[in-house]
Every structure is written in C-alpha cells, then in structure tokens.
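Okay, so subunit A shows up in both of these, paired with subunit B first and subunit C after.
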Partner chain A sequence: MLDFIQSLSDGVLFGATYALIGIGFTLVFGVMHKLNLSYAAASVGGAYCGLLVLKVFAGAPPLAVFFCAFLAGGLLGYIVYLACFHFIPISNPLATLMATVGMLLLVDEVIVHQTDGMPLNYPALFDDVMLRAGEFTLRGDLLMVFVVSILCMAGLLALLYRTRLGLATRAVSQQAVAAQLCGIRVGQVNAMTFVITGLLGGIAGAMIGASVGTLSPLLTTPLTIKGLIVTVIGGLGSIPGAIVAGLLVGGFESVLQQYRGVTERDLYVMLLLFVFLVFRPGGLFAPKEGRD
Partner chain B sequence: MKKIALKGITAAVALAFAAGGALAQEKTIKIAGFGAKSGVVRSFGINSEAAMLAAADQINKAGGVALADGSKAKIKIDYYDDRCTAEEGISVARRMAGTDALVGVGPTCSNVAEPLFGILQKKAGDASDSGLQFPIFSDVAIKGGLARISEWSFRNVPNEMTMYSSMFYWLKQKHPEMKTVFGGVEEDFAHSRATWYVVMKDRAAANGYTIAGETKWLLADTNFATQVREMKKANADVVAISAHPFSTCGVLKEMQRQGVKPKLLVGLTSTSSLETMQGCAKQAEGMMIPTSFAPVNKEGKAAADATAKFKGSADLHSMAAWENMFILKQVMESEKISGNPKDVQADRRKIRDGLAKLKVTKGLLGDTKRTEDREADKPYLFVQAKGGNWVVLHNPL
Partner chain C sequence: MDFYFGLAQIIGVHTLLGLSAYIVLLTGQVSMAQAGFFAVGAYAAGMLTVLAGWAILPALAASSLLGAAVACAVGFPALRVKGLMLVIATLAFGEAVRLFFFNFDYQVARGGVKLGPLGGEGFRQIRYFPENGWTTMQVMLFIWIFVVLVMAILWWLDRSRYGAVLRAVGEDELAAQSVGINLTAVKVSAMTIGGAIAGLGGGIYAHYTTHIEHASFGILLATFALAYPILGGLGSVFGTVVAAIFVQGFLVEGLRFLGDWRNLLFGALIVLAMNLRPKGFLDAPTLRWIRRVFGGKRGAA
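Up next, the complex of A and B:
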C-alpha cells in the first residue's frame, strides 16, 4: 500500500508540470481553435534561455534562472505566433498545424546545435529537502514545482476572469466575430494569448528542468505527447480540465510504472487516452456547446 | 639588362607552369566519415569529424599517403550526417558508395550500424550477392559482434565483454567486501540494453557477484523516483548504470535525493565523456568506467590537442576515429592502391583485403589486436569521476 501511495504522490506532484504544458495547449486551442504543437519545445527552449543567466552571472540564484526562462518563454511564444499564425492564412487549419510542427523541429534542432545535444545541469530549489513520514517521502523540489504550478494556474485563472484582457480573451474564444464587432482587436488578443502561454511555458520548462535536474533536447517530443494527452483528457479548451488531467496522467503513469514496469507504462497511458476518446471524446471538462 | 629581365621572366613563367603542373597532378584520396551530427547524439559526430580532420591534417602535413606509382596523395574528408537513424544511415552509405570515397568511417549508433552492415555484400567477392562493396571501418557503434555481419565491415571499438570482465575481476580482488550488484538499464537504447543484459550482468555474476536486481527506464524519462526506490530496497554494494548521460544524470540526482549511496558506482563506457560532467559532475563523483582512451601518454595528449584545434573533444569514440585514419593510411600504402578515379572499386577491394589481413594495429594506448571476425581487442583503462574530470584509476594491462 505504501508503494502505491508513494508512487501516486510522486506522480501527482510531477504531473503539475504536465498540467502546465497542457494549459498552454488548451488555452491556444480555446482562443484560436488551433493546435500549437511547438508549445512544449518552446517551453524547453525558454528553460534553456534561462541558463544564459548563469553564463553571464556565474552563481546566479535559481530564481533568476527561472525568471529569465519565464521571460524567454513569453518572447518565444510571440515568435511562434508571428511565424506560425500571424502570416499564415488562419482559415487553413492544416497550414498552421504544419507550421507549428516545423517550429517544433526547428526549436529542437536549434537547441541541439547550441548545446551539441549535451545534457545541461539545471538549478533547482529545495532539491536537498526531503519530507519524511516513516517510509513515506515527499521531494522538496517537487513540492516546490507543484506549488509554483498551482500559483501559475491561479494567476492565469485570475487573469482570465478578473481582467479586461481576460474578458477579451474569453470573448474571442467564444465568438471571435462578435468580439471584433464589439471593438476587441482579435489579432492583439491572439498575440497576447501566445505571449501568456509562452510565459507559462517558460515556467513549465524551468520547473521540468529543476525537477529532473538536467535539461536535454530529448525532453521536447515526450512533453509534446504528454501535453496533447493531457489536453484531450482534460477537454480541449478547458483550463481546469488540463490541471486535473495533468495531475491524473502524472499519477496514473507513476503507479503503472510501479506495478507494470517502464516498458508497459506508456501503453496504459495511451490506452487511457483511447478510453477517453471513445467514451468521453470531449474530455473530463468538455466545454458546453456554443451557438456556432 | 633587358636580356636578363627577359630571361628572369621566362624562368619565372616556366617555374610557374611546372608548379602548376605539379599541383594539377597532386592526387587526393577521399575518405567518407559519417555519424550523428544532429539530434541528441550530435556531439559524437562532431567529435569524430574533428578527430578525422585532425588526423588527416597530420598525415597530409607529413606528405600524405604513398600510392602504387610512388606518388603521394593528400587525404580529403567528407563527413555525412546520418541523424542516428537506420534509414538515413543506409541512405548515406549508398551516397558514399556512389562517390569516389574509398572507405567509410562510422557510424555513431549501433542501431544504424546493424542494418547498414546488412546491406553490404556478405562475403567479399561473392558474385551472386549484389550487396554494397564498400569498406566501412566503425569508430563509435559499440554493440557487440556487429562486424561479423559482412566481410566489408570492420570495427575499431573496445570489447566491452573483456573490459567489464577485467573490471569486475579487479574489483573482486581489490574490494572483496563488495558482494552484490544492482543494475539500472536504459531499456530503449540498443547499446545500453545490450551492455547490461549481455555484458555487465553476465560478467559480474561470472566474477562471483550476486545480482541483487535490476530496474529499467527509458532514454527520455524525466522521473526516476520508482526506479531509485527499487535500488534503495536492494541495498546493493555496487550499482551499475547502463545508460547514456541524460538519464544517467537523472538517476544519479534522484539517488542523491533519496540518499542512495552504494559503495561503488559503475557506468557505461560511453558515459566516460564530457557530457556526464556537464550534466551532473557532483553526483557522478566516484563513478568507475572502463574505457579505451584517456590522454595518459604523449601520443594521446597530442591527439587530444590536435582534435581540440578542430573543435572536437577526445574520448574513447573520437580517438577511435583518429586511430582509424592512421590504420587506413598504413593499409592503403601496404596494399598499394592506385588512387586513380577509374580504379575506385579496385582500391576499395584492396583496402578491404588489407584491413582483413591486419593482426595488430597501433593505437593511442598501445597495440590493438585484430580478431578473425574483424573486431578489435583494444587496450583499456579504468577511469573514475573525480572533481569534474575523468582520472585514471587503474591500468590493468
């Protein structure tokens, strides 16, 4: 039983990073009804940019690295918007989708060329802290990742539901044409959505780097897949859904690894995805049908 | 005065023509290098290319390769990126065979080498086999026994079976108090998987160790908590990690968090590189690895310095590429290749036959024995991570 609880708690805590990635996918989909497949790669790219702080100021605190990753993530988000959505006919869904696939590969290869594919040490906070209750343990750094992720989600929800920008974003996501008729600049809202998800992605990338302790371009593809799974299970366009699904996938994956081994783990995660696609295609928190 | 000037000009023109003629006659021998220059194993390709360029530069500065007609040819290296994928590797091999390159040096990954050797002619000279007749001399791909696939494939990679056998034997003598070994294996990578199941596990048991268990993870995994808990429960004296630097570092960091401190850490041969030190030097402290290269002598240091000038780093893999260049020079000279474009296929065959004849080659750590199945039995050392560097712990030879 202890093994089960331990695996579940480890997985759920780590699942917070999946939730952050899932939110990025879901927010863009919610607003623009488009998938941005380069999101996880750009998040890892933001985390790499955070390491530039250590190049300029050796011995800089981890918080400075995270903050730089946060800013770089926002910048990368804007670049992705310009390259994959702004100048590409948005009415052609395949064009934007393929553009984001291209961006995923581009970001991945840029990282590889800049680092020669070598894993880089990533700073963490509270990585030497381990909370113990008998045999049961909780990693301090993962708890920190969990808290930061929850704070980011709370901040995002506050932004969406307590600010004029959030109101505009929600309006565009519900009815872009009506929002435009009300004087909302749809292009600007779309760009801001990418910057906000990029900022969130920068934090997600940094938190993943901090929880693994090492960054590698190897992370981009698995995180893209996990992000998509979380988005589908949570419900495309649902932020609470992405949060719950991220934690669920993290916990599910960890428990299955404990009992079925690493070679079967991903098989069951994919099976879970298929179960949702067949029995609940709208995901856990399927948004209500709109007027159109 | 005018006459003297005219004679001077005539002489200069004649000299220039003579020099031009000599330049026009200067032959080049093309050697094709190939390996991963993109993707997460890019550093392997970069290092091998740098080592090959550095070795070619040294050979060329010393005059080049002596040809059958007594002339000398300079070596030119063309390096191809196979992206560490089988289909790209096969495509690169076909492209190389379509050029006037006489031999290929590569690839990086065993999952490329295995299918690639499969498209080469199995038995040299077999007219019924339409496989590629192009000699390939591997520097990096290390999975055991691959050269026997084709008589056109040769390898200069360390024999892991011998190295780990020797290491566990030495450990048993040196630390008889250590009795159990626990293995951690990166399950989805051909080399790391084969090294644990076929080499480390077998050799540890053969040297009297009890295998206390094993745990698995994947190359791109991010969470190693479950695996390290299994490791902790086993409480083995030795933890052997057969994985590449990214996941090795992830596991080592998780071991530190969970307070798992075995008496000794053993690593995969390929991990004795700069990558591990960049990712987790602190956590890798004390890790012991057998390797076929360390800059412990004058030749090794010189090779490492020369490679650094071409922006590469010297490790067991890139220095195999360096050695291959000098072995190939020796073979091309002893087999008296012509170096003429019309004789490319004949020269390739001569190089193949020459490589097959070799019994001993010169390496940076000493003589390397060549085996019947076209593999190498290279000298080796045991290195240990210390203060962010790999230092020599023991020289068993």
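Up next, the complex of A and C:
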C-alpha cells in the first residue's frame, strides 16, 4: 500500500509537466483548430537552449537556466508559427500538419547534431531535499517541478482571463471570423498563442530535465505522445481538462511502472487512452458543442 | 547494379506504405497508425515463413488479411472521434503496436538455433529469399509486381462509384452524410483497405530486410507513410509514387554525401515543400498540365 501511495504521489508531481505539454497542444488547438505536432520537440529544444547559459557562464544558477529555457521556448514557438502556419493557407490542414511533423524531425535532428546524441546533465533545485513522513518521502526536486508548473498554469489562466490579449485569444478560439469583425488581428493573436505556448513548453522541458536529471533527444517522441494523450483525455481545447488529465496520466503511469515495469508502462497508458476514446470520446471536460 | 535494385526495393515497399495512407487520406482522415499495421504484417509474415514454414505468397496473403482485420478493429473506436482526435488515437495505436513487439517473445528452437521474435532484439533470420536462391533483381521485380497491382486497383477504385464516395466524405462530411452516405462504413472500409495494403507492404519488408525490430516501426515510419501522399498530392495515386521516389531516392540516398547534415535537411525540406506546394507535387493544376501535354485533346477537359 505504501509503495502504491509513494509511486502515485511521485507520478502526480511529475504529471504536472505532462499537464503543461498538454496545455500547449490544447491551446493551439483551441485557437487555430490545428495540431502542432512539433510542440513537445520544441519544448525539449527550449530546455536544451537553457543549457547554453551554462556554456557562457560556467556555474550559473539553475534558475538562470530555467529562465533561458523559458525565453528560448517562446522564440522556438514563434519560429514554428512562421515555418508551419503563417504562410500555409488555412484551408489546407494536411499541409500544416505535415509541416509540423517536418519541424518535429528537424528539431530532433538539430539536437542530435549539436549534442552527438548524448544525454546531457540538467541542473535542478532542491534535489538534495527529502521530506519524510515515516516511510513516505517527497522528493524536493519533484515538489519544485510541481510548484513551478502550477505557478505557470496560474499565470496562463490569469493571462487568458484577466488581460485584453487573453480576451482576444478566447474570442478567436470561439469564432475566428466574428473576432476579426470586431477588430481583433487574428494573425497576431495566433502568433502570440504560439509564443505563449512556447514559453510554457520551454518551462515544461526544463522541468522535465530537472526532475529526470538528464535531457536526451529520445524524450521528444514519448513526450509528444503523452502530451497528446493528455489532451484527448482532458478534452481537446479544455485547459482545466489538460491539467487534470496530466496529473492523472502521470500518476497512472507511475503506478503501473511500479507493478508492471518500465517497458510495459506506456502500453497501459495507450490502453487508458483507448478506454477514453470508446467510453468518453469527448474527454473529461468536453467543451460544449459549438454552433459552427 | 544491385545497389539500384536494392533502392528500387525500398522505394517499392515505401510506395505500398504511402498508398495505404493515401486511401485513408482520401476520406479526409489522417491516420498515423499505418506503421502499426505495417509492423503487424511484417511480424506475421515473418513468423509464418520462418516458424510455420509457409511459402511467401500465402504468408503475404495472411499478413495482408491480418493487417486488414487489425485496421478494421482499430477503425471502429478510433473513427468515433473526428479529425485531429483521430491523429492522436492512431498515433497512440501505432506506438502501442511498437511497444507490444518490444515486449513480444516467441522463440522456437529449430536445428540448434532459436528462431523467432525476441523482444528488443527483434526478429532475425527471415531468410526466405536467400534460402530459395532469389536474386536481388527477382526480389525487386516481385515487389514491383505488387506495387503495380495495388496501384492499378486503387486507380480503378478512384474512378469507380466507391472512389467518388470516398472523396465526397473527404471533401465535406456533412454534405456526404446528407445525401445518404454511411460515414462509418466508408471510413472503416477505407481504413481496412489501407490496413491490408500496409500489412502486405510489411510482409514484403520483413523478407527483404531479413531482420525486423520494433524500433523500425516508430513514429518516423508513420510520418513517412503520411508524407508520401501529402507531398505527392491526393489528386492521383501517381503522386504517392513520385513522392516515394523523391524522398527515398533523392532525400535519403541522393543526399547521403552530406553525411550528418542530411537528416537536418530532411525535416527542413518537408517544411519547405509544404510551404511552397501545400497541395502536393501533383496538385490539380499540375495534373491538368500533364494531361494536356501527354493526353492531347482528351485531357484538356
């Protein structure tokens, strides 16, 4: 029983990063009704860029690395927007999808090329802290990951519901044409969405690096798939859904890793996805049916 | 010369993979599961010839049927969700198949050697072609007979009533439904045909490489499957072949002299191609132009 609670809590804490990746997918889907498959790769790419700080200033604090990853993620998000969305006609969803896949491969290869495919160590905060309650422990670095992720989500929700930019974003996601008629620059809002999700992704990538201890290009594919699964389980386009589903998937996979081993773990996560597709295709928080 | 025959083999198998995604794309569904069906076909055909001692043709027929059956089974739950959700569902399915074969052990001792799939190490010694003394050219011809056959069937399907129905669903689901087309039946049947083609391609693939492992059937292969018809354009089956030749012949083999940079260029060129030709290489105006040049008056219409 203790093992169960232990792995569940570790998983839920780590699941916060899945939630961040899921939010990124869901936000772009909500605003543009398109899938950005390169998102998880760009997030890991942002985290790698964070390591550049260490190259320039040896011994820079981890916070500086995280902040640099945050900024680099935003920049990468804008590049992805320009390369895969800006110039391709909106009536051609297949072309954008394919372009984002091309971008996924490109980011992956740039990382492999720059690092010779070797995993790199990633700095973490509080990794020597252990909170104990009898046999039960909470890892300090995982707690840090959780808290940072929750802060980012709070920041995002504040941005979406308390600022004019957030209002414009929500308007575009409800009805792009109507929003344009009200004088909102749809192109600008789309680009900003990519920058915002990129910033979140950079943080998510850095948090994953911090909690795992290393970054490797092998992370991108599983992360893409986990992020997408989180998006579907939470309901496409729903931010609270992505948060809940991220924590759920994190806990679920950690528990199954405990009982079934690391090679079989992901099979059960896929199975969870199919259970949702069959019995609740709209996800946990399915948005109400739109009129258009 | 054998190098070019080998290249033609690769292009042939990848064309089959692309065609399996092509027919699903005609209905407007984006399936990332084709690599999964391909893997199912590869393992099934390999096990049938190596472990059960079947000849190649019945083994390929069986792998094709199995691919179709799996695709049909996946199609029903997956097609309940629309559009982009399907991408995710099929992506997860493809990964699940790969993970299944990563954990799949079934070895039989045959004359002192253990044969059969062994988890992460893969499935070695699928030596039907070498054992029966086939030359590279014969294998190449064997593959292309299937490619031409499948292309002919798809070309004919495209011109039949069924092809019109597929494209109608792809153009506008709501309109298609309102003229009485059963959406589920159309989508699942397209998925099943795609699964059969992918299973066939996988069976052939297993035999010419002689060694398959789970890592070859990852997200990259699923991307390739989708890339061919999308890069080539959905206007005609020939677009898929053109794209397969372009990708495998030029991007993969032709740029080999670039060494490490080739992989970098690969992704960038896909992005570039989609920006410059969002409707594919052989889009409708290009097809019309080709028909005008080669088809005389008849094609001008």
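Following the convention adopted for this analysis, the second predicted complex is superposed on the first by the 291 of 292 C-alpha atoms of A that agree within 3 Å, B and C clash if a C-alpha of one lies under 4 Å from a C-alpha of the other, contacts with A are read in each partner's own complex, and residues count from 1 in each chain.
Simple rule for what comes next: contacts are C-beta pairs under 8 Å (C-beta built on N, C-alpha and C of every residue); 3 or more make two chains touch, one makes a residue touch a chain.
If you're wondering where the values come from, they're calculated on a predicted model, not measured in any experiment.
Of the two partner chains placed by the overlay, only subunit C lies in contact with A:84; subunit B stays clear of it. In the superposed pair of complexes, A:121 makes contact with subunit B only, with no contact to subunit C. Contacts of A:130 after superposition: subunit B is touched, whereas subunit C is not reached.
When the two structures are aligned on the shared chain, A:254 is found in touch with subunit B, with no touch to subunit C. Shared-chain residue A:240: touches no atom of subunit B or subunit C. Legend: residue contacts after superposition of the two complexes on their common chain; A:155 is shown touching neither subunit B nor subunit C. Using the contact criterion defined above for the overlaid structures, shared-chain residue A:166 touches neither subunit B nor subunit C, since it reaches no partner.
In the superposition on chain A, contact is made by A:7 with subunit B only, not with subunit C. In the overlay built on the shared chain, the residue A:216 is in contact with subunit B alone; subunit C does not reach it. Of the two partners subunit B and subunit C, more residues of subunit A are touched by C. Shared interface residues of subunit A, touching subunit B in one complex and subunit C in the other, are 109, 112-113, 221, 263. The residues of subunit B lying in touch with subunit A in their complex are 38-43, 46, 187, 216-223, 225-227, 229, 245-246, 249-250, 253-254, 257-259, 274-275, 278-281.
Residues 25, 30, 77-78, 80-81, 83-85, 87-89, 91-93, 95-96, 99-100, 102-103, 120, 218-220, 223, 226-227, 230-231, 260-261, 263-264, 266-271, 274-275, 278-279 of subunit C touch subunit A in their complex. Residues 29, 33-35, 83-84, 87-89, 92-99, 101-110, 112-113, 221, 224-225, 228-229, 231-232, 236, 263-264, 266-267, 270-271, 273-274, 277-278, 281 of subunit A are the ones that touch subunit C when the two sit in their complex. Of all the residues in subunit A, the ones that touch subunit B in their complex are 3, 6-7, 10-11, 14, 109, 112-113, 116-121, 127-128, 130, 137, 139, 141, 208, 211-214, 216-219, 221-222, 254, 257-258, 261-263.
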